[in-house]
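This is the structure I have questions about; it appears just below.
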Amino acid sequence: MSESSPITNQAAASTKRLPGDLAIWFFIMAEMVAFAVFFSAYAFTRAGHVEMFNLYQQTLDRNLGALNTVLLITGSWFIVLAVQAAHRDDQKAISRNILLGFLCGGGFLAVKIIEYSAKFGAGISMSTNTFYMFYISLTFFHFMHVILGMVILAVLWFQSRKGVYGSHDANGLESGAAYWHMVDLLWIVLFPLVYVMR
Amino acid sequence: MSGAFTKSMARNIFYGGTVFFFLLFLALSFDTHSQLPKRDMRQNITPQVIEGKKLWEVNNCIGCHTLMGEGAYFAPELGNVIVRYGDEGVKAFIKSRPKDGIPGRRSMPQFNFTDEQLNAIVAFLKHVNSINDANWPPNDQG
Amino acid sequence: MQFKSQAVAKPYFIAAIGLFVGQILFGLILGLQYVLGDFLFPAIPFNVARMVHTNLLIVWLLFGFMGGAYFMIPEESETELFSPKLALAMFWIFLVAGALTIVGYLTVPYATLAAMTGNNLIETMGREFLEQPLPTKLGIVVVALAFLFNLTMTMLKGKKTAIAMVLMIGLWGLAVFFLFSFYNPVNVVLDKFFWWWTVHLWVEGVWELILGSFLAFVLIKTTGVDREVIEKWLYVIVTLTLISGIIGTGHHYFWIGTPEYWQWWGSIFSALEPIPFFGMTVFAFNMVNRRRREHPNKAAVLWALGTGVMSFLGAGVWGFLHTLAPVNYYTHGTQITAAHGHMAFYGAYAMVNLMMISYAMPILRGRAANSNKSQVLEMWSFWLMTIAMVFITLFLTAAGILQVWLQRVSDTPLPFMVAQEKIQLFYWMREWAGVAFLIGLIVYITSFFVGGEEEKAK
C-alpha cells in the first residue's frame, strides 16, 4: 500500500473491519435478499400492469412518505452519532443519540399509522388489487422491521445506560446500528419504488 | 474486536428473528381470517355438507384422492369432480364399484353408502367446488 | 457411554429401525399398486397401505428423535437423565399404541375404526398424515409431554448448552404444533389452513431445529472442532431456517381458498428455504475438513455429510423446483410433489436419524465404533439406499413432468387415469429402485450383526 496520505490509510484500515457482529450481517443479508426478491417481484409485475400501478400509485400520500424518509434518515444519523460517541467513550452522548434515533422511529410509526388508517378506512386491503397487495405487503413488512429496529434500539439504550459500550467494546452497539441502517436503507429503496417512480 | 462473531449475538438473533417472523405469520393469518368469508362460501355449509365432510374423512378418501390438490396422488382430483361427472354421475360411480375391484386396474372400494350418505358426499364435493381457490385446477381434468 | 441413563436410547433406536423396515415394505406394496392396480385389493386397499407407510414414517422418525434426544441431553447437560424409568415406560406405551394403531388400520375398515375409537367425540381422523384414531393422538400427546418433562428436568439440573437448547425448542415446538391436529373445523378451508400448522411447521420448521441440533452434536463429537464455533453456526443456520420457513408456510396457501396474496408471500419466502439447507451442507463439510481428530466411526461422519447434501437436494432443490406459484399451479398435487416428499424426508429426517443411530449405537453397545467390517457394510448400505432414493426421486420427477404435460398443459388434456397409464414405465422403474432401497436397508441391518475386531478410539 502506498504511503500517499494518512487519511486514505486510515480509511483503508477502517474498511478492513466489519463493524458489528458477523451474525447480524448474516441476518441482514437474509433480510435484504427477502426484500430484494419482493422488490423484483414488484418491478416485474408492474411492468405488466403499468397503467393500473400508475393509477393507484396516485392514491398514495407522497408527502407523508417523504416525511417518513426524513425521519428515518435522521434516525440513522443519530445512531451514527451514538456509535461515534462510543468510540470516544462519551457515555452520555451514546444514550442520548440512541434515544433520539428511537424517537425518529416512533415518529415514522405514527406517520405510517396515520397513512394506514386512511387507507384501511377506505376499505383497502391486500386483496383489493395487485398494486395494493404490493403496497401493503411491502410497507407492512417494512413497518414490522421498524418496530423490530426500535426494540433493538431500546435494548441498546438500556445497555448504554449501564455503560456497556465504549471504545473497549462496541460490538453490540455496532450490530444494532447496522440493523437500523438496513431498515433505513430498505425504506430509501421502497419509497421511490412504490410511491414515486412512474 | 476485528471480525467479531459471537455466540451470544447469534443466539439473540435466533430468538429475535424467530419471534419476529412468527408474529408476521400471525398477522398475515389474521388478515386471512378476515378475508376468508368472501372466498370459502361458509354461508353454504349446511348440516348435509358437514355430514359429507365427515363421510369424506372417516372413509379416508384422502388416502387415494386429492382435494384441492392435497392428498394422495393415486386417484383423481375430487375438488372439481362435480364438473366432470355431475351429481348423478358421482353417485352412480361410487355405487357401482365392484366389491372385489376391477382385475388389473386401480380399484375403489365398495363403501355401501345409503342414498342419504351419497347425497351428503355430493353436497360436500359441490361445496368444495364452489370455493374460490384462485382458479385451480388448470382444467376440468383436475 | 458417559452416563448410564443414556442407555434408554437403545430400545428407541431398535424400534425406529424396525418400523423403518415396515415403512419400506409398505412402500413397495404401494409402488406395486401403482402399476398392478388390484394388487392385494380388497384386503389392503391403497389408502390403507399409504396410511401405514406414512404413519410408520412419522412414528419411526419420532422414535429416532426421542432416542437421539435421550442419548444427547444427558451428555450435553453432563448429568444423568431425570427419570430413566419414565423414559422406558413411555417407550412401551408409544410402541404398543403405535402397533395397535397399525393393526387397527390393517384389520378393520377405517370407518369402523373411527366409530370404535371415539372419533364422534372429537372428529380428527381422515386427514392426510393425521389419520391416527383419537386414543393414539392422545397417546402421542402424553408420551411427548412425559418425554419433554423428563428432558427439561434433566436440563434444569445440568448444563444448558446451545445445542441442547435448540433441540429442546424443536421438540417443544413439535409437541405444541401437534395440538393443531385436534382442531378440525367443518369449514374445509379453515381445516386445511390449520392442518398445515402441524404438517408444515413440523417438517419445514421445528423439525429442522432437531435436525440441526443432532448434526451439530455428532459433528462436535466426531470432528473435535471447537464447540463455540459449531454452536454459533448452528444458531445462524436455524435462524435462516425459521425466517424462511415460517412465512414459507404460504406456499401451501396458493390453491385452497386462501387469499391470493399468499401466492406472493409463499413464493418469495419459500424460494429462500434452500438457503439454510445449503448452509447445513457447507457447515457439515467445513467442520469435517477442519477436524482435529480422526474419529474411528467413519460411518457416522458419512451419514452426517450425506444428510447435509441430501436434505439440500431433496428439501432445498426439489422443493424450489415447484414452489413458485406459477409453476405450482401446474404441478400441485402431482407426482412432482411425491418426488420432493420422498427425497426430502429421506435426506433430512431419515438420514439424520440414521446418523444419530450410527454414532450412538456402537457407544450404547460398549465401543467407540463398530469393527471395520461392520462399518464397510454400513457404508455400502448408505450408498445403496441413497442412490436408490435418488433414482426413486428422478423417476417420480419424470412421471410428474409427463403427468403435468398430459393432464394439465397439452391442448387436449387427458383424464387422470388415462395419463397415469401412459406413465406406467416410470412407476415400474421407481418400484425397482425401491427394491434396491430395500436391499440397502437389509445390508444396513446386517451391519449390526457382523463381528470383527472393533475400532479403538485413536
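Letters A, B and C mark the chains in the order given here, with residues in each chain numbered from 1 onward.
We adopt the following convention: a contact is a pair of C-beta atoms (placed from the backbone, for glycine too) under 8 Å apart; a residue touches a chain by one contact, two chains touch by 3 or more.
Everything quoted here is computed from the prediction, not taken from an experiment.
Just to note, of A-C and B-C, the chains joined by more C-beta pairs in contact are B-C. Of all chains, the one whose mean C-alpha position sits at the greatest distance from that of subunit C is A. The distance from the centre of subunit A to the centre of subunit C, with each centre set as the mean of the Cα atoms, comes to 39 Å. Taking each chain's centre as the average of its CA atoms, subunit B and subunit C sit 23 Å apart. Touching of two or more other chains is recorded for residues 232, 235-236, 239, 243, 259-260, 265 of subunit C. Within subunit A, contacts with two or more other chains are made by residues 23, 26-27, 126-127. Residues of subunit B in contact with two or more other chains: 5-6, 10, 13, 17, 20, 24, 31, 35. Residues 23, 26-27, 30-31, 33-34, 37-38, 41, 126-127, 133-134, 137 of subunit A touch subunit C in their complex.
Every residue of subunit B that touches subunit A in the complex is listed here, in rising order: 1-6, 9-10, 13, 16-17, 20, 23-24, 27, 31, 34-35, 38. Of all the residues in subunit B, the ones that touch subunit C in their complex are 5-7, 10-11, 13-14, 17-18, 20-22, 24-25, 28-29, 31-32, 35-36, 39-40, 42, 45, 49-50, 53-54, 56-64, 66-77, 99-107, 109, 111, 124, 127-128, 131-134, 136-142. For subunit A in complex with subunit B, the touching residues are 16-18, 20-24, 26-27, 125-127, 140-141, 144, 148, 151-152, 169-172, 175. Interface residues of subunit C, counted against subunit B in their complex, comprise 33-34, 36-38, 41-42, 45-48, 50-51, 110-111, 114-115, 119, 123, 125-128, 131, 162, 166, 184, 186-190, 192-193, 228, 231-232, 235-236, 238-239, 242-243, 246-247, 249-250, 252-260, 262-263, 265, 329-330, 332-335, 337-338, 407-409, 413-417, 419-420.
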